[in-house]
Amino acid sequence: MSDSTLANEQDTLLKLLAIEEIRQLKARYFRMLDTKDWDGFAAVFTPDAILDSGAWTITGSATIRDRVSASLEGIVTVHHGHTAEITVDSPTTAHAVWAMADELHAGGNPEKGLTGSGHYHEEYTRTDDGWRISRSKLTRLHIAPLPGGFHVAIPGDN
Amino acid sequence: MSDSTLANEQDTLLKLLAIEEIRQLKARYFRMLDTKDWDGFAAVFTPDAILDSGAWTITGSATIRDRVSASLEGIVTVHHGHTAEITVDSPTTAHAVWAMADELHAGGNPEKGLTGSGHYHEEYTRTDDGWRISRSKLTRLHIAPLPGGFHVAIPGDN
Amino acid sequence: MSDSTLANEQDTLLKLLAIEEIRQLKARYFRMLDTKDWDGFAAVFTPDAILDSGAWTITGSATIRDRVSASLEGIVTVHHGHTAEITVDSPTTAHAVWAMADELHAGGNPEKGLTGSGHYHEEYTRTDDGWRISRSKLTRLHIAPLPGGFHVAIPGDN
């Protein structure tokens, strides 16, 4: 085994490790969001992270925490991540596209809320504390209101 | 490359392998359950495994097999695993949280059944035959009956 | 560390890399399909790939592209891949079972379309351009029409 092969193996191993860490970072994003652990939710982002829903954009993990938690008060949310295309660009940067689906349940009879599907287009930065989401933009394939309609307001910067 | 680096690489590789094996173990859990391959379903658990649905708890892979298969007779089930946070604690132990969704279709017009989402909180043991689920506890984000209502009884020990 | 251990580690690393590449190949399959990027969709298959929906079979990536794109014109589709059991059989061949769910939305009031779940049973070949799907067969757990009914025709060879 040549040194060059060893170097390639080391590189492959580090890339696979980064991919797994980013996969688990996104799993934590979903779990913190849906269990409304807002400290844990803020901690998956870099301090200057940008969250772009397509309809609105908010900047900074503290603002993301405040706006998202306020807008989802009283609403049961379910967000699921499906297959992901994760590319490691350097030891400290990566990007990905994730297939996703979400449900917002605002209660009522008939139930108010929505279900939808789309893709997260994301960038990641490796900090001293591990990988963090530095940018996340959501594009939509489909959104449908629940029978009672969609009355959930999530305000952003624009 | 120092011996210490080589040792770390070996450790990282073994952890990534264990994570992949556990990911595929859980995939087999879902597939055996939904295709009603009850021998295969029992085989994903350790003999003394504990299954806790939140509403009931059953102990032992043989009991899990008997109770779950009996309760789902005549019901089409769909269970999906989404993002997972898998932590390898030692060469033979690991734990994880899995996002999940399930559907039970009992038929009828309007159709009876339910759809729901939540998280599996699980522990794994590596046996001579590979990784097995030794404990699984389900917590729920949301459950909704299908239009015809929910008439599926899944009895447990308590 | 013996040479034999090094060889095993190299083998394990290559298998984990192949599994990740196939996972991302299937992610690309879903994204190309649902964003209707038909060139990208054709490119995830080998030229002689076989696509078997259970109801119909079509052969060849060019035919797959033409038939699938024509049948889904005007329909919003959402396909999600869930847990996968991926087995690497050799450096250039692999197979897998993937849990899946799909939605076809044909619009209208009440909305026409369907939702369903099942499993893809697939074979993969590693080409000079990376892993490609060489055979994909879909089996179903459940299909349900949307309230407006199911009026989507996807013709095949048989």
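By written order: A, B and C. Residues from 1 in each chain.
Heads up, the rule we're going with is that a residue touches a chain if its C-beta (ideal position, glycine included) is under 8 Å from a C-beta of that chain, and two chains touch if they have at least 3 such contacts.
Computed from a predicted structure; not experimentally measured.
Chemist: After a C-alpha superposition of subunit A on subunit C, what does the rotation angle come to, in degrees rounded to the nearest 5?
Modeler: 120
Chemist: Looking at where subunit B touches subunit C, is over half of the residue numbers used by both copies, so same, or under half, so different?
Modeler: Different, since most residue numbers here occur in only one copy.
Chemist: If you average the CA atoms of subunit B and of subunit C, how many Å lie between those two points?
Modeler: 24
Chemist: Among the residues of subunit A, which ones contact at least 2 other chains?
Modeler: In subunit A, the residues touching two or more other chains are 13, 16, 82.
Chemist: Looking at the complex, which residues from subunit B come into contact with subunit C?
Modeler: Residue positions touching the partner: 6, 10, 13, 16-17, 20, 23-24, 26-28, 30-31, 34-35, 76-78, 80-82, 103, 105, 111.
Chemist: Of all residues in subunit B, which touch subunit A in the complex?
Modeler: Residues 1, 9, 12-13, 16, 19, 82-86, 97, 99, 101, 117, 119, 141-142, 144.
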